[in-house]
Amino acid sequence: MAEKPLVGIIIGSDSDLEVMRRAAATLEELQVPYELRLASAHRTPEKVRAYAEEAAPRGIQVLICAAGLAAHLAGTVAAHTDLPVIGVPMAGGVADGLDALLSTVQMPSGVPVGTVAVGRAGATNAALLAARIIALRDEAVRGRLAQYRRKMQDAVEAKDTELGT
Amino acid sequence: MAEKPLVGIIIGSDSDLEVMRRAAATLEELQVPYELRLASAHRTPEKVRAYAEEAAPRGIQVLICAAGLAAHLAGTVAAHTDLPVIGVPMAGGVADGLDALLSTVQMPSGVPVGTVAVGRAGATNAALLAARIIALRDEAVRGRLAQYRRKMQDAVEAKDTELGT
Amino acid sequence: MAEKPLVGIIIGSDSDLEVMRRAAATLEELQVPYELRLASAHRTPEKVRAYAEEAAPRGIQVLICAAGLAAHLAGTVAAHTDLPVIGVPMAGGVADGLDALLSTVQMPSGVPVGTVAVGRAGATNAALLAARIIALRDEAVRGRLAQYRRKMQDAVEAKDTELGT
Amino acid sequence: MAEKPLVGIIIGSDSDLEVMRRAAATLEELQVPYELRLASAHRTPEKVRAYAEEAAPRGIQVLICAAGLAAHLAGTVAAHTDLPVIGVPMAGGVADGLDALLSTVQMPSGVPVGTVAVGRAGATNAALLAARIIALRDEAVRGRLAQYRRKMQDAVEAKDTELGT
Amino acid sequence: MAEKPLVGIIIGSDSDLEVMRRAAATLEELQVPYELRLASAHRTPEKVRAYAEEAAPRGIQVLICAAGLAAHLAGTVAAHTDLPVIGVPMAGGVADGLDALLSTVQMPSGVPVGTVAVGRAGATNAALLAARIIALRDEAVRGRLAQYRRKMQDAVEAKDTELGT
Amino acid sequence: MAEKPLVGIIIGSDSDLEVMRRAAATLEELQVPYELRLASAHRTPEKVRAYAEEAAPRGIQVLICAAGLAAHLAGTVAAHTDLPVIGVPMAGGVADGLDALLSTVQMPSGVPVGTVAVGRAGATNAALLAARIIALRDEAVRGRLAQYRRKMQDAVEAKDTELGT
Amino acid sequence: MAEKPLVGIIIGSDSDLEVMRRAAATLEELQVPYELRLASAHRTPEKVRAYAEEAAPRGIQVLICAAGLAAHLAGTVAAHTDLPVIGVPMAGGVADGLDALLSTVQMPSGVPVGTVAVGRAGATNAALLAARIIALRDEAVRGRLAQYRRKMQDAVEAKDTELGT
Amino acid sequence: MAEKPLVGIIIGSDSDLEVMRRAAATLEELQVPYELRLASAHRTPEKVRAYAEEAAPRGIQVLICAAGLAAHLAGTVAAHTDLPVIGVPMAGGVADGLDALLSTVQMPSGVPVGTVAVGRAGATNAALLAARIIALRDEAVRGRLAQYRRKMQDAVEAKDTELGT
């Protein structure tokens, strides 16, 4: 994306890429500029720290972090910035994502992570939540969110009509 | 609070009040104006709908919703507004809060809820996450968040020193 | 079905359709007139509200609601009607249906949902439970339920005999 | 109660009595005649069978069964009658009620049990669900259910007003 | 088997047959005469009761009961006999066998069921446990159990040797 | 007890003693001679091995093993004897007994442990299951088991009568 | 302790202190010099990093990290050192320690944490595991471990004898 | 391997072999000599005991034990040696590895097992943890661990660069 990114998406492993393409696609649909990066809280802790600390100065407004298993990425990022951080737990652990969900959501008092559902639905919703935050001071994004909602409702109506015939 | 509220805290039952006082206290410490309301997604669905729809026009920027058991409050609110919604799951169900966590966080693709931890830590962090969102365009709140972080670090240092002696 | 429906089956997503065809098939076998509709508690909350409020005036006597993940559909419907509501949890969430089960069954005191098992067995049993309710004032349905039970017992006997040879 | 009972409440152990008094109290408030009995699926299987088989001929219309642990009571009753059966799981097992919930709700295809939440909220809601079924052909009960709902809403409004001051 | 059966294996559904063939095969290997029957606690409660009551008079000494989901079969059988009852939980429910395990093992005080693992390992071990009981007064079976153990140890040694090369 | 013990109860820790007194009391009520011993699979593995190997030669017919946490006691005993082994899981681990239950019941194919419920109900039922095994060749115990069942039924009847007044 | 510490115990919160005193007491009993420090992976990430990086140069040989909830402490430490790291999960989260256990143990491939049980038993065993590592090149510690084991066995024997009387 | 082994890897069943090849491959990459053996805590308890007791005299310094289901192998080994023992839980039980994890990690106070994640990541990390212990007195292994870490970081950087293009 040519524009300066407002949202930073970080994935902890390239196995998370396919799922998180959903977040990217949703931000594109809403025309919210973003960047997509890979960094691991355990394998490259310095890289995560540097990225989190430089995000606000670089103009990033919301951070979306995806990780599975022990899933420390979102928490580590939130420990190094005061930007709002959204965590997307990934499936793959012994409790098939519930473990990553608990690791992501149960932050100690003082360091918040807003967590969404495991996997695909979570990836899309992380992007929408970021867009809702951006929309607080961007009327164009606000308009696109309203449109997104209407399209979603029309899709339900269309399927219901199909059933009824 | 005299000032026009920027954050709306909604609780689904008065049994959630004590825990959610933490969110209120944290917002007060950060001087973010808020309001605290009670409405039930199941017992007063119209009240919830009206509140959610009127929140943005009234100037509210972030909604914090606390509920236990089936825990539909945050999801129902998110279905009726495009503001960012933060869900705080409450303990009390058969899985002692894990149930409310799953009900709150597992929203279908299209309607996001940023979820925090169950109970007290979650209540404080919901307020901090709301403040991080408000701080994106409010330098004073940004400054108070930095101060909050420093106080937190000083407290850890003080306790560590105490141990060492 | 030509006859005025006595049972309304609502699904929250078209991915629930295949499983819920079981409920429809069972009602057909028992000759209980029904209708099948699609509406989402989160994507089309107004549609759900309108449907629930108009169900009783339209002559519907029992509502069967199927949803997965946060699974708010049955609860939202029960909040807008005094008809008996039966919830069918769908698999697909992080806890593979257990999450939807807990979201559906753990209604707060005052707004009841009678919940059945996750998935296919639940879909069939939701229809049978609806039929048991209808049968309270419909002798023909009562007779067909008795016949259904006998067929079920004969099937077990036939299989046991097969084993024994 | 002097009147012929329409609802039969059965408890599997006298330790369930205190919780199930809620179901009884709710039926009394709605003026639905009921009876309360103790019988164990494992300790007195013949008693359970006889009770279930005689319920319909005696004019009972809905059965509410409360049990914990392996929680076979509702299922055993449903196996011996075609009346609608509502199961109330009790806490106390190794999974603190979740076990009884799964034992109660996961009936095989063909023998339905409509299950409500574990414990107190479930006991109240079992009574309300029974009343919703009775109300299908009893206008007086229907009126009392509407009144119950209004009282519930007024209570929420009153508490919200209290908060706001 | 021509000989009078000492062990009765009962399955709750023909979908349990493949797994329970393991129990049968193990009893055959140990030359313990058995019979294999199908009866459902919910669909054919009378059949289960009759079978359980007649087992001891017919010379059966141990009963093995396999069931999934609500898994009431072993408990129902144990309620109608004083013979030792072994329960084999089957996978297939929302908690993939853990539900059936809890339904089977959590019998109320007074009516015991000795439970083994879910599925294949459980089926084999149910047969071995039955054989250990029979062996208390049958020296030939005792000898075959000792032989079974030695074969098992030899198999481990053979595989270890293979690794080491 | 003066008589030669037929049942050996082994506890893994003295914290299990209070619960397992139930097993002892039940065996006393049924006049089945037993002994109660303490040995730990992890702290005194040799003692456990020796006890298990000597049990059959000493005339013991059934072994009851109680342990919590990793709960290896029953499995270790079953690995060193061909007597029937009954495992009683104890609460106290992170999953409050469910962990001990899974450790006890999930034996690999070839080494069976008949498992009962966690805690008190399990302790009583372990004794009753042992007595059912002993009763296969002891008519007096068989008679006492029948009497135990009648007392249990009478107690339910008495409580039901009390309710009805 | 006057001697240069070989083991570093780090706790993430002062609420973990009481439990972790067990680890300290065990190391004292075995005369393994240690230090006890407080640092939070989320509140003071720089302090944790610095401590982990300086541990090896300072002569520390094993690190024991105790944390609850999201429980990132052990993982963060292991990301900044090549010393062996032992994690002790603390109770207190929504899944009462199971969450902290999964957060601690499920490290991604490449960054190992050896995890022990939740709470007190885990604290003692973390110290014993550290001592087993130290003992590989310290004969005196090896001797004290053997003595510790004998005392443990004697305690079991003493309690068993007490039972038998 | 020609060299005298420093690490002993024991698997409880040949079905664990494929996963544990990862541990072996990692030790080879770090040039830490090891041996791989098969022994079952339940099927060949004597073999396990002998192996554990002879490990230290034979020069083994760390033991890695892999087992699923009841997963007693690591605990049994730790009961017979004072060497550091690392447990690798295997998937396959009713709770898909979570059961084996709890069986392995929840050792009673006094007998420690350092546990790693279930399956492949756990197998690799068990080897790395063993190498971190060996490295305490082997500078060459220490150097190879540092190199391993750098390779891991370079791999993350390479993938991140790929994303960014």
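To keep things simple, chains are lettered A, B, C, D, E, F, G and H as they appear, and every chain counts its residues starting from 1.
Please note the rule applied: a residue touches a chain if its C-beta (ideal position, glycine included) is under 8 Å from a C-beta of that chain, and two chains touch if they have at least 3 such contacts.
What you see is a predicted model, and the numbers here were worked out from it, not measured in a lab.
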Determine how many degrees of rotation, between 0 and 180 and to the nearest 5, align the Cα atoms of chain B with the equivalent atoms in chain E.
180
Go ahead and note the Å separation of the Cα centroids belonging to chain B and chain C.
35
Whole-Å gap between the CA centroids of chain A and chain B
19
Sequence positions of chain E contacting 2 or more other chains
40, 43, 69, 93-96, 101, 105-108, 110-111, 117-118, 121, 152
Identify every two-chain combination in which the chains touch.
A-B, A-C, A-G, A-H, B-C, B-D, B-G, C-D, C-E, D-E, D-F, E-F, E-H, F-G, F-H, G-H
Residue ranges of chain F touching chain D (in the complex, touch as defined):
91, 96-98, 101, 117-119, 121, 152-153, 155-157, 159-160, 163-164
What part of chain F is in contact with chain H in the complex they form?
12-13, 40-43, 45, 49, 69-72, 75-76, 78-80, 93-95, 99, 102-108, 110-111
Parts of chain C lying in touch with chain D, wherever the complex brings them together
61, 82-86, 101, 105-118, 120-121, 124-126, 128-129, 132-133, 135-137, 142, 145-146, 148-149, 152
Across the complex, what residues on chain H touch chain E?
14, 17, 35-40, 43-44, 47, 69, 93-96
